[in-house]
Amino acid sequence: MEINNQLITILQEIKRQKPLVHHITNYVTVNDCANIVLALGGSPVMADDQDEVEEMVSIASALVLNIGTLNKRSMESFLIAGKKANEIGVPVILDPVGVGATNLRNEIVRRILKNVKLSVLRGNMSEIKNIYGIAASTKGVDSIDNPLDGGKEIALELAKRLQCTVVITGAVDIISDGGTVYYINNGHEMLTNITGTGCMSSSLIGLCCGTGKGSLHGAIAGMMIMGIAGEKAQSRLKEYEGLGSFKVYLMDAISKFSIEDIQERGKVNEIK
Amino acid sequence: MEINNQLITILQEIKRQKPLVHHITNYVTVNDCANIVLALGGSPVMADDQDEVEEMVSIASALVLNIGTLNKRSMESFLIAGKKANEIGVPVILDPVGVGATNLRNEIVRRILKNVKLSVLRGNMSEIKNIYGIAASTKGVDSIDNPLDGGKEIALELAKRLQCTVVITGAVDIISDGGTVYYINNGHEMLTNITGTGCMSSSLIGLCCGTGKGSLHGAIAGMMIMGIAGEKAQSRLKEYEGLGSFKVYLMDAISKFSIEDIQERGKVNEIK
Amino acid sequence: MEINNQLITILQEIKRQKPLVHHITNYVTVNDCANIVLALGGSPVMADDQDEVEEMVSIASALVLNIGTLNKRSMESFLIAGKKANEIGVPVILDPVGVGATNLRNEIVRRILKNVKLSVLRGNMSEIKNIYGIAASTKGVDSIDNPLDGGKEIALELAKRLQCTVVITGAVDIISDGGTVYYINNGHEMLTNITGTGCMSSSLIGLCCGTGKGSLHGAIAGMMIMGIAGEKAQSRLKEYEGLGSFKVYLMDAISKFSIEDIQERGKVNEIK
């Protein structure tokens, strides 16, 4: 399939370029984010002080902003790093963890969207709906429950409005660049039972976008790789094994990820 | 046994309610705390900025305060979140990591005890003895070395004084609500050789208390579940496996935890 | 071999003394650093607030300063803790993560070197070359690419200048106290594919130096233990296993580490 060939190219470019992915992220899942980037062949760096984020993003191939444990200090760093990334053409991925839960999270997302041009916005249905509402300033955010019931339209519309790629993750991942919409049918529900799979997906998207192959294909590649790794991890589980083993097998699957995985397991479809 | 039935109810309620446990905690073991809450069926959230902790605790079922890597910023957040939790009836669990080691730790514990009504205080013998001394302001804290030699009296007395459930963890866990005292004889000494088992116990207690079944039974349930999971993890170890595998098996055991585990392995006794 | 006997003594002293290793470190790999210290038989503590680091280092046997995610707050703590450690004779290990990448990192390293007497400086070739250049203020830092091509001279010269033990880690580890130079030929390249092996090496060096057996032998012991554990972890991997399993096996190997491992696998040589 045409799209698979482009995802394979991204995978090969990661191994060749070893892109540096600068994260300003939360302290809950940061270790997993660093390890997943390394495991796929990239190079992670985490730095959040206002006095060094500009320099750090200047040597990076992608910037991942994750607001999981934001604070007033890191909020300024998000904006400084994001603006610098825009200035020098480094793709910016935003993971708006928990937006909608507190005003502080709404505020930082609003400020980032106002000041930074995103390449990819990735969130779950609740987060994306919140941003959709925030951005619209008029529409309620609680009307849609099933991502497949309205997710396509929200992704498409929000992508147009923000002029970036929007990813809604769930049982099916919905990805749109404002023109086309893709569904990815990879993954396993066990992924929702360990912390950080959302954050790790954003890191993988950052890594894939860091190859310079575009935000739409970068987002699709990142989500598909995470989904397939989840499937492979689950398939290795013995009856008596649980989430501890699953997480180990997930990282194994990422570090063993191959072209064949995409060819044999990849399930992405453009939705008309 | 009567008590086991109540613990089983808590386990069932966790699966049914999926309580949200708000943590203000250290950056050393935070990932493990999040994963253990998820693995048992709850929902963890970590947020520590003063400007959002009130809102976050307002949507939570329990609040866990862990001072492991406290700083002046998080100290204020402990108090703000704790007071709000009291106001709206959310149970507060305090894990006074390392209290006694520095004045800063003594100070924050003193301020929390003065301003926040706890549901559960959980620490090791050294920490609880320090608090016993602090709260009394008169009694030395180094007189007792073996938890079984004095722990019962300290737990009972401190629970009365603070009007909360006190948990002293060790080879035997001692739990008192100021009226009764329970000993739990589950666990394995390997639990002391990985970081965060204390923190994770506090998170499990938070999760169990988040079901609304009371702090005494919540504390007993959390400690027993941790102890049994440690036993099961150790029993899976092959001769050549060590602490890396143990931690994986521990998380496996939590995610596979069942009613039968309590019925077959639970060792809790009320001490007269 | 003479040197091996000294390393074995350090290993035995760790089990006997259980040294407390105070870390001021980054939030990316901190959990692994705590676990590796515990797994070898030591006791880790992480504390970074300016108001408690002096007290904490006062009860510690070693201090590890790691600038991985430095910020203006932790920068002051590095200096306060380092000076106190010097005052009371606690060995200080510096891990200058990413020095050279940003001015902030260069600045804190310069300030630490000016104000704190190190026992051990451990970095990769790029980091050590940067410090060599900073300290000299005259020599460029980009002239040498292969650690074996110039690393020996840099380690020897920098160790003399800073009057401490310098460790350059790579495929071969180069260690000098300014008088002698040792090469360690243990390790496996998979160690570079998980985050934190550098940080963990520094923690192990801190633990080994915490036994009071000197910084040169402490540094050699720490690096050799890490290297051998990496070899053993890799040798356990099945064909379908990857970096997730490798990390588990690494921690297993540390917790099972024995005198025989040093005797049978240790590869350290003094270079004339």
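So that you can tell them apart, the chains are marked A, B and C in the order they are listed, and the count of residues begins at 1 in each.
Methods note: a residue touches a chain if its C-beta (ideal position, glycine included) is under 8 Å from a C-beta of that chain, and two chains touch if they have at least 3 such contacts.
Since the model is a prediction, treat every value here as computed from it, not as a measurement.
Chemist: What graph shape do the protein chains here make by touch: line, ring, star, complete or other?
Modeler: Its topology is that of a complete graph.
Chemist: Determine how many degrees of rotation, between 0 and 180 and to the nearest 5, align the Cα atoms of chain B with the equivalent atoms in chain C.
Modeler: Best-fit rotation on C-alpha atoms: 120 degrees.
Chemist: How would the chain A/chain B interface be labelled, same or different, where same requires over half of its residue numbers to be shared?
Modeler: different
Chemist: List the centre-to-centre spacing of chain A and chain B in whole Å, with centres computed as mean CA coordinates.
Modeler: 33
Chemist: Of all residues in chain A, which are in touch with two or more distinct other chains?
Modeler: Counting only residues that touch two or more other chains, chain A contributes 27, 31, 247-248.
Chemist: Can you check the complex and tell me which residues of chain C touch chain B?
Modeler: Touch residues, chain C against chain B: 27, 30-31, 34-35, 38-39, 44-49, 51-52, 55-56, 59, 73, 247-256.
Chemist: Taking the complex as given, what residues does chain A use to touch chain B?
Modeler: Chain A residues touching chain B: 26-29, 31-32, 68-72, 98, 101-105, 193-196, 240-245, 247-248.
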